[in-house]
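Presented below are the structures under discussion, each in the form of structure tokens.
Below are two complexes that have chain A in common, paired first with chain B and then with chain C.
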Partner chain A sequence: MNWTLILPELVLAVAGLVILAIAVLPKRDTDFAASMATLGALLLAGVLVVAQPDGEAFLGQYVSDAFTKFMKLLVLAGAALGLLLAMDWNRKEGLARFEFAVLLLLSTVGMMVMVSANDLIALYLGLELLSLSLYVIAAFNRDSERSAEAGLKYFVLGALASGLLLYGSSLVYGFSGSTNFDGIANAITSSETAPFGLVIGLVFVLAALAFKISAVPFHMWTPDVYEGAPTPVTAFFATAPKVAAIALLTRVVAGPFAELAVQWQQVLLIASLGSMILGALAAIGQRNIKRLMAYSSIGHVGYALIGLAVGSELGVRGLLLYMAIYLFTNVGAFAVLVAMRRKGRALEGVDDLAGLGKSDPAMALAMTVFMLSMAGIPPLAGFFGKLYVFLAAVQGGYWTLAVVGVLSSAVSAYYYLRIIKVMYFDAGEALDPRPNSLSIVLAGTGLFTVFFFLFPAPFLAAAQAAVAALVG
Partner chain B sequence: MIAALAFYIFAAILIASAVMVVTSRNPVHSVLFLILAFFNASALFLMAGAEFLAMILVIVYVGAVAVLFLFVVMMLDIDFAQLRQGFQRYAPLGAVIGAILFLELLFVYGSWQFAPDAATLRMNAVPADPTVTNTEALGRLVYTDYIYLFQISGLILLVAMIGAIVLTLRDKPANSKRQDIGTQIARAEAVPLAKVPAGAGLGTLGIIRRKLPEPPKPKAVAQDDHGHGGHHGGHH
Partner chain C sequence: MNAAGFPLLSLLTFLPLVGAGIILFIRGEEAVVASNARWTALWTSLITFGLSLILWFQFDKTTADFQFVEQISWMPEFGLGYHMGVDGISVLFVLLSTLLVPVCILASWEAVQSRVREYMIAFLVLETMMVGMFCALDVVMFYIFFEGVLIPMFLIIGIWGGARRVYAAYKLFLYTLLGSLLMLLAMLLLWYEAGTSSIPEIFNLQLDPSVQVWLFLAFLASFAVKVPMWPVHTWLPDAHVEAPTAGSVILAGVLLKMGGYGFLRFSLPLLPQATEWFAPLIFALSVIAVVYTSLVALAQEDMKKLIAYSSVAHMGIVTMGIFTLNHQGLSGAIFQMLSHGIVSGALFLCVGVLYDRVHSREIARYGGVAKIMPSYAMVFMLFTMGSIALPGTAGFPGEFLVIVGAWQANPWVAFGGALGMILGAGYMLYLYRRVVFSRISREDLKALLDLSPREYVTFAPLILLTLWMGIYPSSFLSFFEASVAALVTRHEAAMALPRLAGM
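Let's turn to the complex of A and B:
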């Protein structure tokens, strides 16, 4: 048994246990030390992921290849950036408890298990480890009614999604005779002879995963949870878990169910179209910027799903690039949201950004870059993300997807531009000075978004290698 | 013969106690009958050769779940008499629904068929080894082939525990009294030093005794309206 293959997960999980055991002892606040140790553990896990050999372990329950490495590095980066955003915020809101870092670390273990899952049981357990941690940190501000409501709402609906997943998994197991992805792939010889129950099981699994990435029509929870949860938690929700769930979805449809492409393409097509349209239209009227970002993230999931719905290698490559760019742009935009604080009170209204262009030109410039990138304006990173998925749609002959995608990005540009307009042309009071950790995140993600067009080659090559590992 | 007799005894007691769980007037009796039902079910498992399930049923359901039920029943103070008020009125409707469900079950049973290739689909079937008890067989699988999944399950339970503590534990003085040796042995607060001029009494100077700081009062527990029967006896 090749247990050394899971070294990144193992190190991360053990680090979580050690931090938990040490941080609980001293009487004073251990929040800062625990966060720093968590960042160190995430970095170490990242190094181990890069050095990880390819292969399968534990009777094929765990798989490591270029695809898992690409996705795991994204997930680890998302988790580390999420923690950086949360540290200062938690101290100011009186939430500075070390359990936050530990829960975030354990949820990252869950995401890595998901990304590496090659078995229905591993898939479910990884998803549950992630989800349970997320339910808790959504309600982390337990004295706030909205935060508690967000946690409860997410928990109840998430439990429903888990039920769907388990029901679908049991059908798949019943009709294919195996929980292992390779075993399922062997059992499905062609889409004509596949048993009907297997297709139903597949649809249930897809529905549960669509819930996790908040694709239409399973998006209902997103605005409420994003609005109620503490802002850095929202930032984390919108980035790393989505990347992990997209990775899982990609492996499920491209691996065991590759033969049933005709069946899952229909489902993903509808989810993609619905998400793009709803993300573009529903965000227009939002006054609360966290709700706006929730609808925006639904829209982005729609664009990303184009890459999967076309069912080609080019599409999956576009999807991977899209998720990488989406992750960094979104973390940057949320860093601005986390910094929105006047006289010590956190703000959430779009109008509260007024006057930022005068009072904090650097942050306003960074926000402008992120908003333009999300709208898909060249030469910013977001443009390339959309370019590659639309390209795949056009080459595959999916004109509906491409046309709806372009139209809905044009519509969504309206509310991104509105934020820029509020920042530069409306008068308002200055925000509190932003903490250093946020400045670092803003600078890093901002530079990535602006200068992506100069060095897309390494990202393209990594995505290409990932796709080759997944399909070949 | 004896096995058959034991089976019928256990089964009869199981069904009788299950009926008592539903019908008994006192909720505490219901829970006690539930425990009896669990014990008999576990005896049936034991007779079927599933000793692991039997032990788990006793340990988990009797040891943890039933005790939890007892706590809940005693603490929540639910008025079961009120809950049962509509029983007579709703009984016919309930009986009709039950009869329909029973009929449907019969139809399903009548038309049930196994998929023709069901036997071949069970690829992972392991031949039964009579020398290995099923507890041992489970242990061998869980700690070897499925160790990865087993450990992740452990992490999930850990997260659940951390979550429950993070979301509910409050370190307030009202809830827990901690010993603070520093304040207990500090005499500086209780006995102040005062410079008293010669000939003047403490009373004339007004330095009788410095007031001690009030100990923090525990927050008054909000009065709940659903009262606890006996405690309100005095008011009438």
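Let's turn to the complex of A and C:
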């Protein structure tokens, strides 16, 4: 029993419980201390992840390899950045309670279990731990009707997805005789002889995961939840859980169901096409910037899925790179959204950004960088993400994906440009000064987005190692 | 490998970026910042231009090979590298870019008063992108620079432009982006087929004609928008009218050349069969562009719009020349691009001079300017003649060579081109007559001042070049002689291949 493999998860879980136990005692506010402790725990977990040896634990339920390391570091980074975004916001909104940090920690544990899961049971365990934390966080602003609605909506649809996942898992178990990914892989020798029930089970599992990554046609909850949840929570939703769910999806299709590629490729192809098109078209008319970002994130999932749908190593590498770049760019963009506050009131309209180019040139510049990066304009980071997935599509001869991909990126450029237009070309009042924590996030993610092209090699190498671990 | 002994092209490309970085960190009061930003930008661009003159003197005109080559591996596992170099086709465009940027900065000295710092940064970034694009010898780098141009251009038009600037900026961005993305797919295929993104190595590919057709269309989608060719030219008049003067100068002077350069760099050498196959289509579009937009130009009430349409017509001559696929046509096309860069850039500056004083681009608003601003009238006349392609000015050798080349390809095409020249004389002289001659239509025009010393300095290099290119074109033609010859030979060899195999 190689229990040291789950040391990072243990650290986070124990930290969560300790913070929970200690923070209830004193009378005064403990949220700052709790947040700092959480950041510390995330950092420690990050160090442990890097130092972790490769291997399997708990009878093969749990794996650790270059792929899980890559994804876990992204998840941890996403969680830490999400917490940084939330700290100041929660204080200003009167939501400064230590439970937020604890929930975030627990959801991170869930995500890390998802990433490392090598068994349907572990998969479900991680996913539920994540989801339950997220339901509560979505409704964290409990006095706000919209936040409560977001939480409830997310819960109902999330529960449905969990049901789909369980049903699919039971079918897979029934027809393959194993819940372990390796066992399932051994049971499937070729796509022709695979029992039909197994394929049905696979489709159910894919549908459930598509819910989590909000891919079309399971995206409906996204705009409402994104709009209703407090902005930093939306930022968190849009980044870390998505990365974790993508990691899980990749592991599932590339591991146990590798032989059924013909089947899942069709599903992912349609999901990818649908997400790209919907993400590009539906965002155009949005006036609420959080809804806009929701559709934008649906679109990005579509691009990322190109990498998976083509079913090649190059594609998976593109996918990993895409998710890494997406994470940092998105956190940056959401940092601007979190900073949107005038006379103490939080704002959500696209038009509320008007005049930012004059009143806060640095933030406007950062937002411009993020928007152009999301539109895939070189030399910004987002371009390279798209470059590699499109390269994979071209290499595999998936011209439909490639052409629809470039066309929808041209369409989506329109609404990203609209934000730049509002900031620079329209006149408006100044926003409240942004807190330092946001400035740090903005500077960090902004520099990453701009200068990614100078140092792509370590990212590519890490992604390459991750793919090799996954496939080899 | 590198004749200069140091990475000259990288220096030319990234020096403006350094200047932009310095401007970013200027602190102080707004007026001080503005003045420092102007001077920093001017000096940066002047030093860049000075350095680029090394290319003029040290370029080896006897070879078609790439020179001043720099190569660093960047993402080796993908075959992606940092690869710079110039050949006869691109070298003069680099010089054109480095020349026009200081001219533009001088031209915006007083015209731009708001957000000067950002304006100058945008121009320097633009210079980096333009120079980088002409130097890039790697498809991904080429694409990065090609597309990167859009960012500063979008902001220049959108922030410092005229009344309908937002619409124009969007149109420019989205038109170009859509085309470019299709080109990106074509480039990815080339990259994948060749296993490397280095352009000289991609040249060794022998592509199947059916693949070539698709690649050609993808490249066409991008370059046709950029040139712009009829019927995807409609973004240009809008962009020109709304852009600030210097923005128009760069747009006409350099950005439009990117399309023509792209044809020469990618379509012709890589896709010989498809080029031959599509040449009639391009001829047809070019002739339509030349004749139709010339007629449209005749009817314009707005000076900038008129010159914008004349640009489309002149660029029609360029595409015509490129696809004649013979020596005269190609040389003429390249020469025409260079001369158009100088002459139409200068014409936009001429409009800018009046606009700065009167704040109107409407032709009917003016009249009798010759009596009030005689020096200006002289300068304007020179460039008008250049645009008409009067022998002895820059416009003539290019158009003449293209028509000679087109005659060999198809006399009717040559006829279309010649018709364009006649119409060109019509609309330009009509413009000149209405603005400069006739009686002074309004009293307030009498108060106009003639060219200021700054404006003289701005125009001086362009006047010099217009005359030099017209009177002694050989000093420019000799640069791309060898490259054009190599291109023609390459094309003929590629076309001869299947025929031999069939025999």
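In the analysis below, the second predicted complex is superposed on the first by the 472 of 472 C-alpha atoms of A that agree within 3 Å, B and C clash if a C-alpha of one lies under 4 Å from a C-alpha of the other, contacts with A are read in each partner's own complex, and residues count from 1 in each chain.
Note that in this section a residue touches a chain if its C-beta (ideal position, glycine included) is under 8 Å from a C-beta of that chain, and two chains touch if they have at least 3 such contacts.
Quantities reported herein were computed from a predicted structural model and do not represent experimental measurements.
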### Query
In the superposed arrangement, which partner chain does A:150 touch: chain B (first), chain C (second), both, or neither?
neither
### Task
Figure out whether A:414 sits in contact with chain B (first) or chain C (second), or with both, or with neither.
second
### Query
Now for A:378: first (chain B), second (chain C), both, or neither, which partner does it touch?
second
### Query
Of chain B and chain C, which one touches more of chain A's residues?
B
### Message
A:335 in the overlay: touching chain B, chain C, both, or neither? Say first, second, both or neither.
### Response
neither
### Task
Give one of first, second, both or neither to describe whether A:243 is in contact with chain B, with chain C, with both, or with none.
neither
### Task
Could you give the residue numbers on chain A that contact chain B in one complex and chain C in the other?
none
### Message
Under the definition above, what is the set of chain C residues touching chain A in their complex?
### Response
74-75, 77-78, 118, 140, 143-145, 147-148, 150-151, 154-155, 158-159, 165-166, 169-170, 173-174, 177-178, 181-182, 184-185, 188-189, 191-192
### Message
Quick check: in the complex, which residue numbers of chain B touch chain A?
### Response
121-124, 144-149, 151-153, 155-156, 158-160, 162-163, 165-168
### Residue ranges of chain A in contact with chain B within the complex
1, 6, 13, 17, 20, 57-59, 61-62, 97, 99, 102-103, 106-107, 109-110, 113, 119, 121-122, 125-126, 128-129, 132-133, 135-136, 139-140, 142, 151, 175-178, 183
### Residues of chain A that touch chain C when the two form their complex
357, 361, 372, 375, 377-379, 383, 387, 390-391, 394-395, 402-403, 406-407, 409-410, 413-414, 417, 420-421, 424-425, 453, 456-457, 460, 464
